[in-house]
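Across the two complexes that follow, chain A remains constant while its partner is chain B and subsequently chain C.
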Partner chain A sequence: MKIKKKTNTLRYYAHIYRMILAQDLKSKMNYRADFIISNVGIIATNVSGFIAFWIMFQNFPSILNWTYYEMMFLYGFSLIALTPVQLFFDNNWNLRFQVYSGDFIRYCFRPINLFFYYISEVFDIKGIGQFAFGAGTLIYAWKNLGLSVTPLIILKLIIALFSASLFMIAIMNIAAATCFWITNSGIVMVFMFNFKDYARYPITIFNSIFRFIFTFIIPIAFIAYYPSLIFLRPDNVPLLTYLSPFIGIIFFYISYKVWITGAMQYSGTGS
Partner chain B sequence: MNTEPKKFNLNKYFALTKASILEELSFRANYLVTFLGNLIYLCVIYFLWKAIYNSSPHDIVNGMTFSDTFIYLVLASAMFNFLETYVVWIMAKDIQTGKIVVDLIKPMNYQLYTFFYFSGIYITYFFITFMPTFLIVLFFTWGKIAIGINLVFYVLSLILALIINFCIDFLVGTICLYTESIWGTNIMKEVVVLLLSGATIPLAFFPETLRKIVEMLPFQAIYNLPLTILTSNNTDPSGYFQAIAIQFFWVVVMIILSALFWKKSIKVITVNGG
Partner chain C sequence: MNMEPIIQIKNVSKEFKVLNRREGLMGSIKDLFSRNYKIINAISNITMDIMPGEIVGYLGPNGAGKSTTIKMMTGVLKPTSGEILVNGRVPYENRTKNAQNIGVVFGQRTQLWWALPVIESFKILKEIYRIDDKVYNDNLELYNNLVGVKELYSKPVRQMSLGQRTLCDILAAFLHNPSVVFLDEPTIGLDVTMKSKIRELITELNRVKNTTVILTTHDMGDVDALCKRIIIIDKGTRIYDNSIENLKDYFGAYRTLKLMFSKNPEDNTEENLNKIAAEIQTSLHKEFPSAENIAVCSNEEWIDIFINEDEIKMMEIMNFIQNTRNIVDVKITEISTESVIKKIYEGGVK
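Right after this comes the complex of A and B.
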């Protein structure tokens, strides 16, 4: 390996990530049936969500001036924005087991960023099925809404999706990190994870208390609603939408700091 | 197991119930979070369907008012939280780790053993998470849930629903013997059960043909029938008896199906090392 010297560069980390990823995928390939069934499962979840939407709009023409295709847009957008947390950050779900059993200590002795090393260990392939379904739904909605396709709008979409994905990652980082302090972090994770299902609705359906909570405390409104306004309500985009990439980055950074702080005061179990 | 005595001694099974209640009670924080989750879900469902009904020109859609739909969906979710005891997960994990061998040599029928092991969890969840949610909904929508004979039938219907649900879980847990994919198998079961039972969207909203098909499947007996019994203000109990009869039919069918499938599958079990 030539890049031994520069252990802090992005390239070095990308290289490490590829190496770990390859190992993970090799071990996953031993369970091919599991891969197929898990992907079918995650697609089935989304097909059922899709059918539920469809049935709802068979009975009601619109929800607070949001049409069927606009709701589909939010749904597809939220699925894509929730893909990175599934694909790259799934190891957070194992954190509490490793911390309680003491296995976590082995991560602490590596000469690379602890958070990076821990998170890169698992690449959860079932996110691919979710991404494919989300992309399909978004394209379907995009076409039927008659939205234009220009390089600028594609660039906007990518930025919007990228910043939207940071929010759920940050929420789950903090939820997982609670295991450094409390023993019941599993239920905290499930509790927080379930909020993602409300991201697909326009926040205007809620009253002001819930709008405040979903914007500033558990910021799921940034997963689909705020970024989608650029495309769906271009004449009336609130300031929060433009700020969302920055809020996303700040929020992610805070979650990273919380995670690292927890890990740093971790003293192992003595085993 | 053939060593099982002909005469059934239920006491040994109730010992399991008692043990699992005690085990469950040591995880009190779980209930608080589940209950809190139910409350938030209750609010979200309220706002969502309020917005939906406000956007509609009619107050009654498919024979359901806003409060009917609200009660139906919140209680469906509360029922889900108490019915989902992760039978599939625990069965599949026991198969993977080999712990199942220890359970198989016990002088009990494995399906009954599993059922009674989980019965304590069902009972604790019923009283600690389902009941408070039910009471909140009852007071929140005071007068909308009729208090009378329907409550008696609802409880009876709930027990039958629980048995059907358990048999489906047991069946899916058995499938894990073959698939070795716990997450994927379980999530598919959850999706199918929740959608086709009317827990996500009341069956009354389904398009005609889809509803006709779904009504012939066992899933609607888990959520749709009990909740329809509860929310209907019928004074004539013949409708209730009909619903209970349908449920009873599915209880018998599912018990036979799951027991037969288990009997057939147990022959193929391979436990690594044990």
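Right after this comes the complex of A and C.
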């Protein structure tokens, strides 16, 4: 009975999300220039990042036993893992303005989960460009590394990407939710968001303090490094890699709780 | 007929803890270490019952606590003490459940999807509130009969005028047949035609669906057109709760007569006008000793004379002044909500 109720709720939310998304895409198609420019923009940003990466490897053949193509694998993997946060959770960036101006109150009167309702409002199409670039990079690296392609490995890849994506979503949820308590949360968001750039390096290049921070405090090592080990170092996979889907789900759940706690005690500005 | 109230508010108070900020940089640093709070009573001990189908005007000056009360009724805020029941349920204990049975329009903050055509927003709301096909279609038909909004439906909310948006927001708030709808300053910033259109719409929706409407406004026109009962609060306490007739009986006779004696800016210095106002006040009191409520003051280039027509007719006063002075322009204004409230507050009318 309880399970049936749960799946019904899930279906209800999935249905509403699909509706909003379909409508949103339809209305965005009317602004083709906006679609093209924003995607060209995010691809350009990624290309420039990639050029920096390429130049670096013109000078060093490898970094701590990580070869050019292995690094490229991490790079592509991290871009894909960072796509969901861009595509589906972009409204977190507007949260602090809405909270500050009092506009957030308008989300508070619906008989539906507040976090879902708020987040579902924005679907950021820029993410598509980022995904395309990341997928291209990953496939190119995959080929050059001579990795095999079997159904099992594809399944592993999907699970690894899915759990990896949860970490950045969770980090950004918490960073955005700080606006319910402090006024200057923009700084927190930008600060946290910039950490994603470190996700594309093997954590072994950092000293032990940063290794600890990036694993347990701001867990960006789970965005690319730990999950990639399954494919790049299959003989030597640490326990944390296997645990990462669970850690990801727990971490996401904590971030959701923080967000919703802040939102539920929000009461708006005067009007 | 013995009806249960749809909203029951019993001895409700709401306190806010506000940080006493110290001045200057040193002050801010001190604030970091020792926090010094003061308690502000936004609402003190308010009690009221609202019956199904009523349209209640909830009035009060800015900062009186209107929004705070509405937020408590919608479940966004928890009262510090006292009890609120909406549809027999405590709103803040189950905010999402409560939301299913209420509709809210918060002034200029649209709750529709900004980029989507209105009809698409309605369709999404239909799913969110799990509205029956029949109820939904009936409502759309009703809406079309009331305001003829069909041609608006395909327009994205973003491209609408404020008036159109407010109209659609109100329609959206009634879409799931809620038992109570809260309208927070629905006509703010609208032109006269739109205001009357919206007032008609609210009247009709209330009549057809018997929805309870709680309306906050600063516009006496809204109150006149919509409300039979008004509740006035000031500084968090209820100072009036009675029918509008009662209020009109009491204040209907009040007018402000505005006179201008010269269009020349040199004559209309503040000093000069104050002098004229004082002279008129003295002479009026001498001439009409029974009219105790007459008050004269200068207001920009005008001289305002506040009159209770039960005591003295306005024309008598105008004739009297015309005998001694040359009047170049005249305006007569009804008493405003703000001054009614002020009057009530000063006079303590119940």
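Note that in this section the second predicted complex is superposed on the first by the 258 of 271 C-alpha atoms of A that agree within 3 Å, B and C clash if a C-alpha of one lies under 4 Å from a C-alpha of the other, contacts with A are read in each partner's own complex, and residues count from 1 in each chain.
Everything below uses one rule, namely that a residue touches a chain if its C-beta (ideal position, glycine included) is under 8 Å from a C-beta of that chain, and two chains touch if they have at least 3 such contacts.
Because the structure is predicted, anything quoted here is derived from the model rather than measured.
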| item | value |
| --- | --- |
| Simultaneous placement of chain C and chain B on chain A, clash or fit | fit |
| First (chain B), second (chain C), both or neither touched by A:P61 | first |
| Which superposed partner A:T261 touches (first chain B, second chain C, both, neither) | neither |
| First (chain B), second (chain C), both or neither touched by A:V188 | first |
| Chain B versus chain C as contact partner of A:R106, first or second or both or neither | second |
| Touching partner for A:F210 - first (chain B), second (chain C), both, neither | first |
| Dominant toucher of chain A (residue count), chain B or chain C | B |
| First (chain B), second (chain C), both or neither touched by A:I37 | first |
| Nearest-approach distance, in Å, of chain C Cα atoms to those of chain B in the combined model | 10 |
| Set of chain A residues, in rising order, touched by both chain B and chain C | none |
| Chain A - residues contacting chain B, complex | 31, 33-34, 36-42, 44-45, 47-48, 51-52, 55-56, 58-65, 126, 184, 187-188, 190-191, 194, 198, 201, 204-207, 210 |
| Residues of chain C touching chain A in the complex | 62-63, 67, 71, 74, 76-77, 95-97, 99-100, 102-104, 106-107, 109-111, 113, 115-117, 120, 123-124, 127-129, 156, 184-185 |
| Chain B - residues contacting chain A, complex | 27, 29-30, 33-34, 36-37, 43-44, 47-48, 50-52, 54-56, 61-62, 179-181, 183-188, 190-192, 194-195, 200-201, 205-207, 210 |
| Residue numbers on chain A that touch chain C, as the complex places them | 12, 15-16, 19-20, 23-24, 27-28, 102-103, 105-106, 108-113, 121, 264, 266-268, 270-271 |
